[in-house]
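Note that the chains take the letters A, B, C, D, E and F in the order they are written out, and that residue 1 is the start of every chain.
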Amino acid sequence: MRFDETYSGNVFIKSHPNYEESKVVLYGMPMDWTVSYRPGSRFGPARIREVSIGLEEYSPYLDRELDDVKYFDAGDIPLPFGNAQKSLDLIEDFVKKVLADGKIPVGMGGEHLVSWPVMKAVYEKYNDLAIIHFDAHTDLRTEYEGEPLSHSTPIRKIAEHIGPKNVYSFGIRSGMKEEFDWARENGMHISKFEVLEPLKEVLPSLAGRNVYVTIDIDVLDPAHAPGTGTVDAGGITSKELLASIHAIAGSGVNVVGFDLVEVAPVYDHSEMTANIASKFIREMILGWVK
Amino acid sequence: MRFDETYSGNVFIKSHPNYEESKVVLYGMPMDWTVSYRPGSRFGPARIREVSIGLEEYSPYLDRELDDVKYFDAGDIPLPFGNAQKSLDLIEDFVKKVLADGKIPVGMGGEHLVSWPVMKAVYEKYNDLAIIHFDAHTDLRTEYEGEPLSHSTPIRKIAEHIGPKNVYSFGIRSGMKEEFDWARENGMHISKFEVLEPLKEVLPSLAGRNVYVTIDIDVLDPAHAPGTGTVDAGGITSKELLASIHAIAGSGVNVVGFDLVEVAPVYDHSEMTANIASKFIREMILGWVK
Amino acid sequence: MRFDETYSGNVFIKSHPNYEESKVVLYGMPMDWTVSYRPGSRFGPARIREVSIGLEEYSPYLDRELDDVKYFDAGDIPLPFGNAQKSLDLIEDFVKKVLADGKIPVGMGGEHLVSWPVMKAVYEKYNDLAIIHFDAHTDLRTEYEGEPLSHSTPIRKIAEHIGPKNVYSFGIRSGMKEEFDWARENGMHISKFEVLEPLKEVLPSLAGRNVYVTIDIDVLDPAHAPGTGTVDAGGITSKELLASIHAIAGSGVNVVGFDLVEVAPVYDHSEMTANIASKFIREMILGWVK
Amino acid sequence: MRFDETYSGNVFIKSHPNYEESKVVLYGMPMDWTVSYRPGSRFGPARIREVSIGLEEYSPYLDRELDDVKYFDAGDIPLPFGNAQKSLDLIEDFVKKVLADGKIPVGMGGEHLVSWPVMKAVYEKYNDLAIIHFDAHTDLRTEYEGEPLSHSTPIRKIAEHIGPKNVYSFGIRSGMKEEFDWARENGMHISKFEVLEPLKEVLPSLAGRNVYVTIDIDVLDPAHAPGTGTVDAGGITSKELLASIHAIAGSGVNVVGFDLVEVAPVYDHSEMTANIASKFIREMILGWVK
Amino acid sequence: MRFDETYSGNVFIKSHPNYEESKVVLYGMPMDWTVSYRPGSRFGPARIREVSIGLEEYSPYLDRELDDVKYFDAGDIPLPFGNAQKSLDLIEDFVKKVLADGKIPVGMGGEHLVSWPVMKAVYEKYNDLAIIHFDAHTDLRTEYEGEPLSHSTPIRKIAEHIGPKNVYSFGIRSGMKEEFDWARENGMHISKFEVLEPLKEVLPSLAGRNVYVTIDIDVLDPAHAPGTGTVDAGGITSKELLASIHAIAGSGVNVVGFDLVEVAPVYDHSEMTANIASKFIREMILGWVK
Amino acid sequence: MRFDETYSGNVFIKSHPNYEESKVVLYGMPMDWTVSYRPGSRFGPARIREVSIGLEEYSPYLDRELDDVKYFDAGDIPLPFGNAQKSLDLIEDFVKKVLADGKIPVGMGGEHLVSWPVMKAVYEKYNDLAIIHFDAHTDLRTEYEGEPLSHSTPIRKIAEHIGPKNVYSFGIRSGMKEEFDWARENGMHISKFEVLEPLKEVLPSLAGRNVYVTIDIDVLDPAHAPGTGTVDAGGITSKELLASIHAIAGSGVNVVGFDLVEVAPVYDHSEMTANIASKFIREMILGWVK
């Protein structure tokens, strides 16, 4: 109950009441207006928080508890409906402040385009940055039906911004021929279809480096994540995604920020996708934040 | 089956295969990108067509059959995701052509903003135009969170364009105080909460006049139309909406175009809303096109 | 629990364990194979029984309790999938036995065609029989796409069998022009759109007569009965259907059998339709069986 | 966003950030453990808050805006799963504090039993208290299957506590014969089936008196409120419930507290019930708090 | 839009507008009337087409694009409700014409019985035909509850027609003992439970041969394909089905026709099954049609 | 149909009509009142029985048919809502009688706490008893928020009762640190995350011993069992659970009773979870009862 000012409403389970004392800042980016197929991810962050009350606080994978890391849930960034550019600007401003305050930004989407201003802001602080990207889709378009601000473009934008060689995509099973060609010709890493095995091969080369991780929940098979805009057969299991998170945890890379995007509750009839997303966030916080 | 060119795929039941010979042109406007609350109406036109196969061809209300009116289903106008202005331009161009060819435009939304370019085009042809508007919401905002192209604005736009005194809204039960004030101060007609009785009072004064009718499905109570973006308690029944359609049919007004918008299949779990929408379209075509 | 043989599994609440001692026999007719639009009513009887556990045993409308009438739930008649003729024969045999044993048959569908053999059997016993029929649809076709055994035909069949003047339909709002014409030309009673008022006008003329009542749940508006194959806008409320049941209860007609058909659980997402159907059955048993 | 301490997470739209300055205190009672049929109302308060973002802030019924009343959303009272007695004690303690601080308690359920400790606490402060009760069910049992703490008992408990003559129930259409008998024999007011008309008859006699209003959402017909534990055919419309709220607003009674209970999101597939509940709460706050 | 005759309504993405110029003919067989458990697959083809708009046109598995193969979507074959024999005759006639025109038939079901007339027609043209069959069920019954036209019989029919040694079933995990016995005694190939590994063993022996492939979507585990009539634990993943499709693509067999059946949208709440089915069809067309 | 007393209503497919002649007794325990997160499993047993009609009677895994084992379905034990202690007492009494009559108890939940009185009763008869436990959760709490009768405690209770060394848990991926510590310190077997491989290692040491097996359906991944209260990412497939059942079948242990708990139909939108649960029960009966 909230007689004093410490109450925090619908926040991620066990989040810390004080921003200053926290090492991690969790925030939602409730935007889905450039989505071409099925919108709805704007409600993703709220539902992930809501179902997080079902989470255990202890990870038997990592032998750590949520109390071991102080994270502050800043709520959803209020974004103007239908205005993509302004939304991206607001996200970028928010993340810059979080980084300036020496904290680790952890975002929840929303469509994947929201990761673009975040990664740009992170790169401004860490100029040796590498991106680890889990997704069913390349997201390497330059535009979608004439529109450069599209959910199909964020990885292309960051790849051009920080250099394609610094971007590592895993689990990709959908995209245009031109996107795959561009990646190959420009030295960007793409592992088609698989995640865990190629990730384990790549991680040693990234040890010690500052890394941002962006996860589109549709890297999972539709069986595991029906609650997303674009489902695509042939994905990985939630078990493999957990193992991949744990592989990064033990790899020696320095994770300086991360996000999980594209959870769409309206397609998530048993709240399965929101539930497993909340567990992934727990494991990432416990595994990646020392 | 489609061995020849007469096949018409997922079209509204009994639609005529030939554009030139048809008096009515049915079309979808699959846009929902300025929606502030729950998107999804972009899939409305396709679902309405799909369930229309369950319709009887005969109206026992009007003693007419679908064969009595030739209507051509032009499919959905392809609209660029997230680009509201360009979408509106494409809709306007399409409707202008339909009108230039001497046909009656019948639109299916999509969010309500799509009615704005349609009404503008119709007004260009019929400069004595009056608008009959059924809706739960005033839709009289000048902008929404700074955005002038919003689903909350179409009636304001057309009211300013053709003069507020020519706009008649019925069933309104939601809006900002400023919107109701503006309507009252500018001589626009708003019937709060009720539809059929005030409509019957107004119709005699419109007899003989060219009228465009725009129906937001959320004028119905949520019990009758759960499959829409913004449900709002206290609406009318589908029986009252049918009676209102029939009242217009017998009133002597000259309906020169109409639309039905805001059906959102993802919230329409038993396809109830799409089914009743298809019946309303049948009754409007049979009742309003002589 | 069932250590002895008195256990009755998924039966309608408070049904009596013994066939011989019961005055009423309740049974399911799980058939939907001639349905043209959306099948699924084969699971209707089982779901109505399941949710009947939520019913109160007392009717405040009639001031009677379920213990006041002994009714036996015979379960579903096992019907051969896809074989309409054989299914109808099995239903007819079953009902003939129930009637021969001096009991009142109360059927749950299943599609509406199942009422045809029941009414035929009842007529064989009561040759002054009148039919009261609540439905959205005329069901007066002679065939559907060449098939004489169709869910669109049962009322035509019984009307021709017992004479159209003995059939009274209420609430009809859908059908072919030919069907309405046939009814009018042959002296059959059809009340379009309305139920309670025209029923009250007709009932005095039926006082003292043997009557079978058949209710298609789609006489209700889709808002009240989404869980059915063919939803059709403009129907009555569940309140009006209750009032109509009570009107018959107080009219002096002698109800010799009745059914409730077309509940389809797969479209009934909150089990609303099955729940209200179970209440209608309670009211009919308590109101019509003296 | 929440950089400072004023953020309030998932709270009812426009709720005031400060408890001391508020006149009304809104709180959730997420308990459903004595429910006999379909549980799930424990998640009701959270969903009502979540969908309240779709509400307009202005009431065209009352010509008032949410800014006109300061209400504080205290969140959900944390209740121990499965322990009914302790949960009721916690609720009573909370409400006593709210009342002691001179504020109006506005509760969201949860099952109906939660209203019992609230009404007891309110009666302690206002000993001329009358109860207005909207419900499909009598809730007048002394126990349910031997259990005195049951969702079927709260009105019996408060009626015995403050005297049956001070309790006015409306819309009742379900209960045991014994419950109706007890009410009649003890001078309690029960209006069967109807709400608005009998309420208008009763209200003049209550003018000037302190009144607590408790609304079980299942007083509405299942068509209007599918998202509840026990749906029961023959209820009122949301339009009639709005009119009833407005009738109380204009009656001169002094509403000293109220609640709305039994919203169960898991049966509320299009979030219809939560959406309309949030509108009822807006209208009650604007209409009843001067 | 469809001002000219090239418009094709709800057709599979990128289908060619002209029948004569196409190498492949896609068609729907919307029949489910012999289904014993849960009907609904009649709406499968329409939904698969509808969601196909979410497909990428490029296959990163095969490095081919949909433009590389000309396929014509002929729509659904109109079938008479409830008349199994006539429906099968219409399907057979249609496929014979497609084959006579030198095109490859690609069917979408509907229940599995629809594959029987297709395979018969294909065998008439290719008398060395082998069948590759992916399914959870043997489908080797001679009849079901006395009915020889049943969804449990198509593989038995074709096996007896072309010789059991020419039929290869994979993934089978359900059936009567008699069915497994009959297969073994008659030299038919059945791989229980597994698909990919036994398929790889069989394919070399089929190289160069004309093969028809029939896929019942329930060969997938219920986790991957909830939207089907009969779900059965222990199935394969969509990843394994994709790999099996690709194994056939690289095997040297000559695929002369194929189908995908038993998608039932009403059980497919997030449209997952329809979405992955559309991807399988893309991969089969790109992989099997040279 | 039920003219005689042999009819058994909604019972598990092929269950035997006579208690005395049966070797196995199947029963439901419809309790969910101590559930902390999402209730609903009280309806699990009824739905499992209902969908069991879709099961084949033959197991191709075990080459046995349901006719080979006589099992009696006793229906659901009637349990008092909200009263956990009394419910557990009733369950214990029932199971004691089943055991005293020399039969094998097979329970369907309901929440996991129902297994506690069953296991206690079984231990009373077989004092060398070992427990095999499949679950996502440790269930080793001593209490939950102060309540010792909680769904989080049954394994702790039985472990303390029969000695922790006699309890073998598999697939555990969620719990408090204290629970894992307690298990390790007290010699209880816990296999984290995996089931089949560690089970195969343990089984030889249990050969010849009396064993009770308790399966919480949430040991499966959410993709396989969405219809349960607490879904948790990273579980096993239904294929692995089948293989585990078969491993026990071939291990030489003597299974003296078993249960399957936590199926919650309200979250099981395509009835997938109930369907696969019915198959697991078939395989356990055919595999474990000689």
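We adopt the following convention: a residue touches a chain if its C-beta (ideal position, glycine included) is under 8 Å from a C-beta of that chain, and two chains touch if they have at least 3 such contacts.
Not measured: the values here are computed from a predicted model.
Q: Moving only to chains each one touches, count the minimum steps from subunit A until you reach subunit D.
A: Tracing touching chains, the least step count from subunit A to subunit D comes to 1.
Q: Just tell me the minimum hop count from subunit A to subunit F, counting one hop per pair of touching chains.
A: Steps on the shortest route: 1.
Q: Measuring between Cα centroids, which chain is at the maximum distance from subunit F?
A: Result for the farthest chain: B.
Q: Could you work out how far subunit B has to rotate to sit on subunit E, using CA atoms and steps of 5 degrees?
A: That pair's rotation angle lands at 180 degrees.
Q: So which chain is the furthest away from subunit A, centre to centre on CA atoms?
A: Between subunit A and the rest, the longest centre separation is with C.
Q: Measure off the straight-line distance from the CA centroid of subunit C to the CA centroid of subunit F, and report it in whole Å.
A: It comes to 41 Å between the two C-alpha centres.
Q: Can you check how far apart subunit C and subunit D are, centre to centre, with Cα atoms defining each centre and the answer in Å?
A: Here subunit C and subunit D have centroids separated by 38 Å.
Q: Which positions in subunit D are in touch with at least two other chains?
A: In subunit D, the residues touching two or more other chains are 38, 221, 223-224, 267, 269.
Q: According to the definition of touch, which chains form touching pairs?
A: The complete list of chain pairs in contact reads A-B, A-D, A-E, A-F, B-C, B-D, B-E, C-D, C-E, C-F, D-F, E-F.
Q: Can you list the residues on subunit A that touch subunit B in the complex?
A: Where subunit A meets subunit B, its residues are 32-36, 38-40, 42, 80-84, 144-147, 149-150, 266-267.
Q: Residue numbers of subunit F touching subunit E in their complex, please.
A: 53-54, 56-58, 60-61, 63, 65, 221, 223-224, 237-239, 241-242, 269-272, 275-276, 279-280
Q: Touching residues of subunit A toward subunit D in the complex: what are they?
A: 1-3, 5-11, 19, 27, 46, 49-50, 72-78, 94, 97
Q: Taking the complex as given, what residues does subunit D use to touch subunit C?
A: 37-38, 172-177, 180, 192-193, 221-224, 226-227, 230-235, 267-269
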